[in-house]
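The following blocks contain the structures, represented as structure tokens.
In what comes next, chain A is part of two complexes: it sits with chain B in the first one and with chain C in the second one.
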Partner chain A sequence: MKNKIIFDKEGSETTITIYWFAILIIVAVAIVYMISSAYGKPYDVRGIEADILANNIADCISEGGYLREGTLTDSSFKANFLKQCKLNFKVEESFAKGNGEYYVEVIAYDFDTNKRTNSDISYGNPALRQYCELKGKTLPACTQKNIYLLDSQQNKYGVTIVAVVNKADKNV
Partner chain B sequence: MIRDKKGDVLVGEVIFLVLNLVFLSILIIFVISKTNDSALLEEKYAKQIALIIDSAKPGMIIHINMEDAIKKAQGEKQDIADIVRKNDNVITIKLKEKGDYSYSFFNDVGVNVYLDTENNKEYVIVITEK
Partner chain C sequence: MMINNKKNQRFFNPSIFPKSRKGQIAEGLTWVIATIAIIIILLISISLTTFYTKDREIKKDFFTDSANQKSVLSYLLTKEPSGEIVYSDIKKEGNLKGASGDIALKVFNGLYKDNYQEIWIGVSNIGEGAISTSLNGIKNEFFGTKNPLSDPSSLSVGYTGAYSSIIPLGDNKFFQAIFVRKP
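After this line comes the complex of A and B, so read on.
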């Protein structure tokens, strides 16, 4: 009975054993670990955010499967991209010192010839683009969408939209 | 008192039961405090509302049930009409005296957020053109 740690006055058997305490400790550690791993980290919503950003850009340049007039084929659209697509890349003060937490890229090409048109758009922090090729939970979230559009003259365009969201401080 | 066949008090069994109850209580308190933490609710609702605004279109009116957060804020004696604040393109949730949680949205639309005073359980988000 080496494992008995508490005895009554007569030294008779009690039910509290080292083994029982070991089980309690293992259960406690397991529960604390599970709770901490589930609730200890922030919710990572960057993937959803990047998806929504890409969808918003797709909605901005297209309408019912057609290229929206005054967008990719218009030079002023590129200059006022954020305003035209109703985007605001300002972030909380805690991020303000960085180079930007977002990056978007719109590449249009002729669907038949695969030749790129002269209407590529990129905006935001270009340093984030490189992470699209990499995988990792702490890396910025990257979404790529390919859409097919027709213009009013029935010319076919393929458009690739890349959206990257960093915001690592708030999500990782 | 727990006694054996002879009628003696079983000290070991009593201590054993008490320790088990103490252990279980501490564990349950830990789990409840972790899962029902104000900071967690602040983060959850700030991100949820920011994402809702990101995917919303002008003209939409969104009702979001925040009963748990409102109860928490009432417990902390916070003004429940001031739980959700919008400053420029940043949503801030404040459920306790010290600290809050902010998250930005990128959709450049007009946003008006207010407490639905009919039931005091929901917040209403009105999306307009900017």
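After this line comes the complex of A and C, so read on.
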């Protein structure tokens, strides 16, 4: 009788120990799963990156509501576009692919007549431009901004800025 | 001996409780309910985490429309046929009238109508809102009445998914351009 009581006691202790280990393991697995689902994959920031890129170009070509002098109406601006606008299209070597991961396009036209001026600028990988019409998680992020600008002689311009960022390997 | 026994007992050891049959059932039930509660809490946490981390694309609300500010400034600096700039005309008239309204329609509806659900350009007065001071829009013949619920500058409304550009005109009046994003 005495032995049975001791045996029962030991049995219930073992059961409870196993139960607590099982609960501990379930909780640990759940925490690991939650953390890995929250931080395991990268955030897709390409949309924001394309927006910031387009905003920087807008800041570069305009100042205080006027078209910045020596930009769209100046032929040397086109040649030194990246330097003038303080842009850097280099990416980490491990993510660099083909002809580049960025593309920007600046199209200026007369606001009243819609006639394009001869100051269009495009830089980067032009193959990325075609994806602007398409939508998909792994496709490059594309943004387009339209702005209205004046030059110092009160000439009115419409400017369309297109920025495309690929970098799918890093963000998706 | 008694003291030593108690000292060596573990906290969860059931032998520290006196056991009747009813007591055993109650205790067993407690364990079952505790287990179910733990599993439910874990399942809720996992589903919440999965729900909130499903879309890993960061929304670009805060950057999207800031370039519109450039169009707003250029619009206000545009010379009307009379030779006066739009800003001075609006300041003098206290609202969009004549050429200032026509140019606003051409610039803002022309460039942004397809991208936004609602665009309102006009003049607002500082006034008392439901909770705090707010900008009360003055109706104009070009963009109509301002929808107070779409004005992100109103503290009582909070986040509206809209971008607002505000330029002071003096006498508690402000030129305001509101761009409400499509859902």
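In the analysis below, the second predicted complex is superposed on the first by the 130 of 172 C-alpha atoms of A that agree within 3 Å, B and C clash if a C-alpha of one lies under 4 Å from a C-alpha of the other, contacts with A are read in each partner's own complex, and residues count from 1 in each chain.
To be clear about the criterion, contacts are C-beta pairs under 8 Å (C-beta built on N, C-alpha and C of every residue); 3 or more make two chains touch, one makes a residue touch a chain.
Bear in mind that the values here come from a model prediction, so they are computed numbers and not experimental data.
Contacts of A:28 after superposition on the shared chain: chain B is touched, whereas chain C is not. Of the two partner chains, chain B is the only one that A:88 touches; chain C does not reach it. When both complexes are overlaid on chain A, the residue A:73 reaches neither chain B nor chain C.
Looking at the shared chain after the overlay, A:148 reaches chain C, while chain B stays out of its contact range. In the superposed pair of complexes, A:42 makes contact with chain B and with chain C alike. In the superposed pair of complexes, A:55 makes contact with chain B and with chain C alike.
Looking at the shared chain after the overlay, A:102 reaches chain B, while chain C stays out of its contact range. Of the two partner chains placed around the shared chain by superposition, chain C is the only one that A:19 touches, whereas chain B remains out of contact. When the two complexes are laid over each other on chain A, chain A has residues 9, 13, 16, 27, 42-43, 45, 48, 52, 55 in contact with both chain B and chain C. Residues of chain C that touch chain A in their complex: 10, 12-15, 31, 35, 38-39, 42, 45-46, 49-50, 52-53, 56-58, 60, 63-64, 66-68, 70-71, 73-79, 107, 111-112, 115. On chain A, the positions that touch chain B within their shared complex are 6-9, 13-16, 24, 27-28, 31-32, 35-36, 39, 42-43, 45, 48-49, 52-53, 55-56, 82-83, 86-92, 95, 102, 170.
Within the complex formed with chain C, the chain A residues making contact are 9, 12-13, 16, 19-20, 23, 26-27, 30, 33-34, 37-38, 41-45, 47-48, 51-52, 54-55, 58, 62, 64-66, 111, 143, 145-150, 154, 156, 158, 161. Here chain B touches chain A in the complex through residues 8, 10-13, 15-16, 19-20, 23, 27, 30-31, 34-35, 37, 40, 43-44, 47, 51, 54-55, 88-90, 102-109, 130, going by the rule given at the top.
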